[in-house]
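In what follows, subunit A forms one complex with subunit B and a second complex with subunit C.
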Partner chain A sequence: MGGRCESGMVERDLHVDARADDAPWIREVTSTSASTEQARPRLSALLPIAAIRLRIPAMDWRAAVRASGEALVAAGITTPAYTDQMIATVEQLGPYIVIAPGIALAHARPSEAVLRPGLSWVTLAQPVRFGHKDNDPVTLIVGLAAPDSSSHVQGLATLAELLEDPTRRAALMAANTPRDVLGVITEYERRDVRGVGRG
Partner chain B sequence: MKQLRVKVTNAVGLHARPAAVFVGEAGRFASQIRVRNATRNTPWVDAKSILSVLTLGVEPQHEIEIMADGPDDTRAAEALQQLIASDFAGKI
Partner chain C sequence: MKILAVCGMGLGSGLLLRMQAEKALRQLGIDADLEVADIGSARAMAQTADLILTSNELAEQLGKVKPRVVTISNFVDLKEMVEKLRAALVKT
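Right, the complex of A and B next:
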């Protein structure tokens, strides 16, 4: 009887651990959303694990943006129409979405194709050129889907902070699994909460 | 050196396209230009880097400060203030 009881406890513990590993953002959201300024979703809450894809082959910038849009669709953030809108934005407005060396922030105007605010993260097997004078070639496409509000701005700010930090950027780019990407992000968010200095 | 403060009143704050337009305008001037989000009390960052400007997390109604230093600093600060005050003058 004692043995059965013990194994039951182990199973419960494993269950809790597995849930936390599969969805680290659940813990973050429930434990910190009330205390963050203006209760904006954190980066980890905006970037579902289903929206992270690593070392995707892409022939050119259109294929890269398309992969970024497909990751948004896969996570239930947008409909496929948004992917076409992101590509059309670059065709119309040029490669300004390449916001830093190697990094494109693919996005389009808020539209009914956006189901909820969110981000996707796609790294490429081979870099592609967008035609940007300074920041080509691109290895990371961050897909941004925003409704007509500011709900995503603080998450995007956190992402920019991470990508400006050479050590964390290197860790993100070296990640072998989507879980590793989220691990770097949630570790940084915990530091951010502890380190008072903003607000 | 020229320092100005301006409230962001466009619908979505200073992210993505607005940030790119802001940084593009800053890049037209020779002066060193820095910007901070006064509402969030952030550090000063390079106004010519989109990534840096995105770290400010500027939302509608936030106030930002612009500091320019160089040969065209007054024109630079005033041009950026005007860009924001005019809700990006149809450029987004």
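Right, the complex of A and C next:
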């Protein structure tokens, strides 16, 4: 069993406070534990049907990220400036947003361009390459807009659980309509609430 | 033990890493503090961390840091997280 080194724990709070002035989101991230996640909006509440677009043509990663940004704008989650910020993030930091085989989590920093926390869901007619070593090509772009670092935690956790489950992931990728995508999500959330099981 | 999940902005993939690592550590029966840092503040925060979790891409940008760096390829694959944390943390 672990617990090899405790020295970091003592310094933790001091360190976080020291960072909080120039990086206010860090304090919130570090204070968010699993037990507080229940109060956060669930995935279905963060993903409006207007932000789901299926089999969109995109010729490259920029077009794909742009489509995911446009879906956020269409649902009133962000202003168009956020779309440019998401593209700039990849230009600056590289394709690390491709978090799993075929899946990109497009996002930028909290900014005035974020009107409320929310997600978009865009699948592509043809997969595109982001330049990621392991996870290219990408078929699904999840756009993430967060006004802070905690409001989307529960939604993101559910998203990870759904995408980890091969059956549900396949159902999501095969969905023909935005309603079908939400159907898979809400069905899973109902199971979760009833405690029937986590897939 | 302090584990630092490093991502670009501190709120997307880093949060996912932290959530997956929490589950993995429960499975492994390991107690640890988990924090999230964006790439800009990661080098400073790494000073007090025992382990860093990040992607291959960001590990390259992070460069050389004191703690061991574990890179995750598939952020929604709990098995990968468990195996890599087991290899890094559990003495056999």
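We adopt the following convention: the second predicted complex is superposed on the first by the 156 of 199 C-alpha atoms of A that agree within 3 Å, B and C clash if a C-alpha of one lies under 4 Å from a C-alpha of the other, contacts with A are read in each partner's own complex, and residues count from 1 in each chain.
The rule is simple: a residue touches a chain if its C-beta (ideal position, glycine included) is under 8 Å from a C-beta of that chain, and two chains touch if they have at least 3 such contacts.
Everything numeric here is computed off the predicted structure, so don't read it as measured data.
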Is A:160 touching the first partner subunit B, the second partner subunit C, both, or neither of them?
both
Output check: A:183 vs subunit B and subunit C. Expected answer is one of first, second, both, neither. What do you get?
neither
Quick one: is A:95 in contact with subunit B, with subunit C, with both, or with neither? Answer first, second, both or neither.
second
Quick one: classify A:133 as touching subunit B (first), subunit C (second), both or neither.
second
Max touched-residue count on subunit A (subunit B vs subunit C) belongs to chain C
Where on subunit A do the contacts from subunit B and from subunit C line up?
93, 96-97, 99-100, 103, 105, 107, 110, 144, 146, 148-149, 152-153, 156-157, 160, 163-164
Would you pull the subunit B residues touching subunit A in the complex into a rising list?
11-13, 15-17, 19-20, 24, 40-42, 49-52, 54-60
Complex contacts: residues of subunit A adjacent to subunit B:
37, 93, 96-97, 99-100, 103, 105, 107, 110, 144, 146, 148-150, 152-154, 156-157, 159-161, 163-164, 198-199
So in the complex, which bits of subunit C are touching subunit A?
1-2, 7-16, 18-20, 22, 25, 28-33, 35-41, 44-45, 48-50, 55-58, 61, 73-78, 89-90
Can you list the residues on subunit A that touch subunit C in the complex?
1-9, 11-12, 15-16, 19, 23, 25-26, 29-30, 34, 89, 93-97, 99-101, 103, 105, 107-110, 132-135, 144, 146, 148-149, 152-153, 156-157, 160, 163-164
